[in-house]
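So, here come the structures, one by one.
Shared chain: chain A. Partners: chain B in the first complex, chain C in the second.
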Partner chain A sequence: MNPLTKSTTSVPIGPQAAARRSRPQVLLRKYGWSLAFLLPAAAIFLLFLWLPIMKGFVYSFYSIDFVNGNKFTGLDNYRTVLADPDVRIAIKNTLYYMFLCLIIGFWVPIVFAIAISEIKRFQGVFRVAAYLPNVIPVVVLYGLWRWLYDPVGPINASITSLWGGEGISFLSDTSWSMISLVFMETWQQFGSAMLLYLAAVLSIPRDWYEAAEIDGAGIWQRIRHITLPSLRSLILLMLVLQIIGTSQAYQSQLALLDGGPMNATLTYALLIVKYATTRLDMGTASAMGVLMFLVLGVLAMLHFRLDRKGGDAA
Partner chain B sequence: MMDRGILSGYDLKRKRTRIGYSVMIAIALLMSITMIYPVLTTMLNGLKDNAEVNSFPPKFLPQSWNWSNFDAAWNYIELPLFLRNTLLIFGGNMLMSIIVLGLASFSLSRLNLPYRRAIEMFFMITLFIPPTTYLIPNFLNLKDLGLLDSFFAFWLPAGANAFFLLLLKNFFDGISMEIFEAARIDGASELSCFIRIAVPLSLPIFATLAIFVFASAWNDWFWPSLIMHKDSHYPLSTAIYKYVIQAKMLNLNIRFAILTLVMLPPIVVFLLFQRFIIRGLHLGGVKG
Partner chain C sequence: MRKPTAIISCLMATTLLLSACSGSNGNNSSNSNNGNSNAGNTGGTTNTAVNEPAVNNAESTPPPEENIKDKKITISIYYPLPDQTEKRKSEDDKIARFQQEYPNVTIVKSDWHYNVDEIGVKMAANEAPTFFNTFATEAGFLVQRGWAADITELWSSYSFKDDINPTLQNQFVKDGKVYGVVQNGYSTSTVINKKLLASKNVTAPSYDWTWDDMLATAKAVADPKKGIAGIAPMGKGNEAGWNWTNFLFEAGGQIQTTNGGKVTAAFNSDAGVKALQFYQKLRWEANAIPKDWALGWGDAVGAFAQGRTAMVIAGAEGVLDQALNQGGLKPDEVATYPMPAAEAGGKHSGILGGDYLVINPNASKDEQEMAFRYITFDYFTDNYLSAVEKDIQARKADGKYYIPPQMSYFKGDSEYGKKLQAIYDKYDNVYKYDPESNKLLDGNPEAQYNTQEYYAEMTSIIQEVFAKKDVDLKAKLDAAAKNMQSKHYDAIKVQ
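Entry: the complex of A and B
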């Protein structure tokens, strides 16, 4: 324990030596099972999470070649990233996408959670309906939405029959393509967030509203001063999660539009994927990952702090 | 005690509030319809003949009901093979999660540990590292380990999931300690405590886990397309993406029939067990 006893162990005195011999046994008895239980998980985490995370940094300094072996190239990959004009476009698109997700998508589940919490009959039907798109495999949705967004698809049919005119090229028009993707994803994903908000709304004690009403608070005042403040920590956490999640988006951009039209939906993460798959430059892809890690690290810290706080409160 | 929410019975007696409330219900109904409409459209388009799916403006109901589309859809690609792959991935991932993460979370939650804080950090920090930042290194790592094109490339990393670990640990934290004390006094080892007490008690949380694991096995299409190179190893989603979504020559009605076949099983399972599933999702909490 303290440095004194440690220094005296060099002098072999009977009882102390005996204590030292049995110490590993004591430790084994005390911690043996718990460490044995942890061992498989520790090995798996090391091999399949920590190792790739570390390798990312290493590979960012290498030129990856499956045939001739990897070669150390110093900062070349980082120079490639900085020189690539697509990177700037990709960053701009990613920020635009994150912004759209916030203004189109973020408030939707909150509003519907509050609305549905007030519906007394068949509340379950609304819950199930809202969650339904989450259950459908995303590849099915890609096929479906391609048709819905088609120039001669049902959405355009309704638009032209209601207002006339040309209809909108939702996917092939550069000013619409990203908005269309965000709309599709909001439609698909808001249900799961809504369920969380709904549970939080329903857990607000009813007598708070009763008291507020007796004090003369109107409906909007009750929502503003009771409902929303009660949801505040959840909203904040969801906001951080959404920002972290949307900053990494690439799948629907890849599946529906392959980053087009004219790079309008090329996000940063999609560019990483493209460097790895079509440009076959995995070193640069790793370097882009490292740069992203450095930027998102700040956000991750924020998430970490929030999570700790939320965990203590709960 | 009256059942009330934000609105009270008194509010609803006022005309303006009642109108507002009806508008709100109408909007919620509209939302539900926009959720259900695309699902029905997919099914009904799968039943139309090809000229009709391509006609403008599209109609909701088919004029002729072509059930034979589903025969063609079933035979277009080897759906049973891809389904088997998906189920293999799901089963292996599930087993791996339960054994590896179950043991680890039991240890973290219930047993004596030295340097507990450091060990928890080792696992939990991975939760905060965005996976896209090491997407390609992860692929290269699997390649270095010689796991590409093998189902072990799914199964083994399935045990490296800090979110599931946290989920299980929180659940074990909630089990009362006395039960384990009693078993220990009766001479049970830690392993039999885990297998005979902790596992049977954790069936609800394993069910929640199963929902998440199933959703990702059924949904992921991009990652499997990176690490599996043989067509016969693709899971369903990847196969659908490659051969149906990307197909140029496939008739639209057959395409929708295939999509219907892929979409129906999870929807049916969801509708049958929705009460259970939604409760399970709540157990999963925010961190999904």
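Entry: the complex of A and C
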């Protein structure tokens, strides 16, 4: 190919430059509309996600004052975070909450998914029934569980009638308060995870089970050797997602107990909220957010890798 | 393929960043042309629109003085919440009357109600209405942050300023400057469910009661097995610290002292220990508080309205409204008591509280003046008297009660007060405070600095007192005081 011949047909700026300019134009013609459709989503993503994240990083080095202006304070906010004894309590509580969510709540949707998949009739009804708590407004949820946990509520009434004694202060007793929140949240949230597991269970080829049955495998053996291994990647993915989700929890801790009693339900995310809104110390709240971002970033990368692995496997 | 996509993405990102960055500054320039169209959020910008030409003209020919009534002004006002239907009706009526007198004023209704957790964000985003409600507790905080407009000039020229209740109004006067207008007030009281007392054959104590009377009454009424408490001191959120501070005052204590420009924590005194010991007695000796004691204002007042506690500590108006209008109690089944004295002959000290309206400092001078005129529009007018009467009649038709404020914005013995009282006396669905009880009220203003932080500190201690039998009260108070001192008080320099 003679480049000179090409240059005569193009603007007089040299052949390589012409080729360079024409390439984006061609691409723009080819992908212009696709990019235009991407623009709103990209704008929203940038404005409401990445810009706040970036601002959070910047704010973590400032003392934020909406009236008199911000002041650069270097690492002071990070020093405040590290010196605050409440932060240590909040980290401990968050880890405890994550642990409770794992042992109390993680297996529930798996069990329900397997159980519902085994139901031959009215499976849809059970599916909807299991998902229903998810659509309850949180105000109703908190009211309902306040009553269930009431000293004279149904749970305590059952406990005292069966075993006597004074019952349990589910919300005011520091050893029970976090556990009580986890039970409430598990009840409300297991439905959505259950649907994912159920979809995965139902996609396992039926002939595997039939073959196992012919070989004399009982229900437990079928679950152990077929269902659970088939769900392995999904379980791993859900585990990482749950760890990420529960590490940021604060809603029910704030609404029901405001982090109490005696800071027993003060989670890391709730402390960030308190720093930002109650103490109006946005700088320290941002510093806490940055530290959390770094930790969650590692988990998010793990999630991404698992997701890709799951996708490749699929 | 990657390169051009990256270039386009970068261009997009830069454009968005630039537009985002210019957005905040742009408010001033763009809104100066159309500030009137969106006064709800652009308090300060209308000013530019209205005043700028006047300033330019001033250099050549002095403009004729413009009457504020002729100016196109938009103000956003504090408007009752959707479930406060009666209050909304009254406010709509007021808006209509105001607009008759000020036809050039556009009124935007804002049902954002003050929340200590939201005000910072509202002010940062310039989204607070032209004036908003707040509480007596917030005066120091709002002034300290610069979130309340200095309305001294407007106040000085207000013709009824000398008839306003000085005790209440002074909460929003700092260093001689006025920052808010009082709507009503109260001295924190104990509201008693007399019906519950009667059902347990417990005689109601006299109004001149003491801590021992409170303890004995609470103990006698409490029936933990049925989930009935004698008293529900708040144990969750900053309300817990606020409730307890009444007892600190009764024991003769203070939250903080100011000497030589320095603020010092004072709640770790013997009075503080005594007040905490009283909480210990209520919890561990009398077993008179709810088993599930982690109750905030709404939980405790709700428990009272449901007949699950015989006593609750709060501003009486809110408690009575819930008990009578939602809980189904009758006025003679409840009684408003002053806070008990620590010992016989002592003061019935309660925290002075109230509702105030504060003008947004970001609003223009014209908007501030119009907001002030709106706030005081009904004050001392016959229109307001007839509006109140209409409200009472409407409530009567709905089988509801009208709960007047414990203290009003005007002086109790004023002519206007007497006129209003005469209206109250005409109707049996108006709750009547007992003058004998009112006589004993001893309202104490709250701490001037970092009140919410102090309440939060105290809440942790109160929760510990309710959760554990043996707590070293003095050590806890000292630690909290040290914390408050180093974190907050040391940074304050009082002028």
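The working rule: the second predicted complex is superposed on the first by the 283 of 314 C-alpha atoms of A that agree within 3 Å, B and C clash if a C-alpha of one lies under 4 Å from a C-alpha of the other, contacts with A are read in each partner's own complex, and residues count from 1 in each chain.
Quick note on the criterion: a contact is a pair of C-beta atoms (placed from the backbone, for glycine too) under 8 Å apart; a residue touches a chain by one contact, two chains touch by 3 or more.
Predicted model, so just to flag it, every value in this text is computed and none were measured.
In this overlay on chain A, chain B clashes with chain C. Residue by residue along chain A, chain B and chain C are tallied for touches, and B comes out ahead.
In the superposition on chain A, contact is made by A:Met292 with chain B only, not with chain C. Once the two complexes are laid over each other on the shared chain, residue contacts for A:Val152 go to chain B and to chain C alike.
Using the contact criterion defined above for the overlaid structures, shared-chain residue A:Phe126 touches chain B, although it does not reach chain C.
In the overlay built on the shared chain, the residue A:Leu82 is in contact with neither chain B nor chain C. In the superposition on chain A, contact of A:Leu51 is made with both chain B and chain C. When the two structures are aligned on the shared chain, A:Ala42 is found in touch with chain B and with chain C. Superposing the two complexes on chain A places one region of chain B into the space of chain C, and among 99-107, 171-179, 207-215 or 225-233 that region is 225-233. Within chain A, the residues touching chain B in one complex and chain C in the other are 27, 31, 35, 42, 47, 51, 66, 152, 277, 282.
Here chain A touches chain B in the complex through residues 27, 30-31, 33-35, 37-38, 40-42, 44-45, 47-53, 55-56, 59, 64, 66, 112, 114-120, 124-148, 152-154, 157, 160-161, 187, 191-192, 195-196, 199, 206, 209-210, 213, 219, 222-223, 226-227, 234, 237-238, 241, 244, 247-248, 250-251, 254-255, 269, 272-273, 275-277, 282, 285-286, 289-290, 292-293, 296, 300-301, 303-304, 307, 310, going by the rule given at the top. Interface of chain A with chain C (complex): residues 23-24, 27-28, 31, 35, 39, 42-43, 46-47, 51, 66-68, 149-152, 166-167, 169-174, 177, 257-258, 260-263, 277-280, 282.
Residues of chain C touching chain A in their complex: 1, 3-5, 7-9, 12-13, 16-17, 20, 116-118, 120-121, 123-124, 145-147, 224-227, 235-237, 290-294, 296, 452-453, 456, 459-460, 463-464, 466-467. Looking at the complex, you find that chain B touches chain A at residues 3-8, 10-11, 17, 21, 24-25, 27-28, 31-32, 34-36, 38-39, 41-42, 45, 54, 56-58, 99-101, 103-104, 106-108, 111-114, 119, 122-123, 126, 128-141, 143-145, 156-157, 159-160, 162, 165, 189-191, 194, 215, 218-219, 221-222, 226, 236-237, 240-241, 244-245, 252, 255-256, 259, 262-263, 266-267, 270-271, 274-275, 278, 281-282, 285-288.
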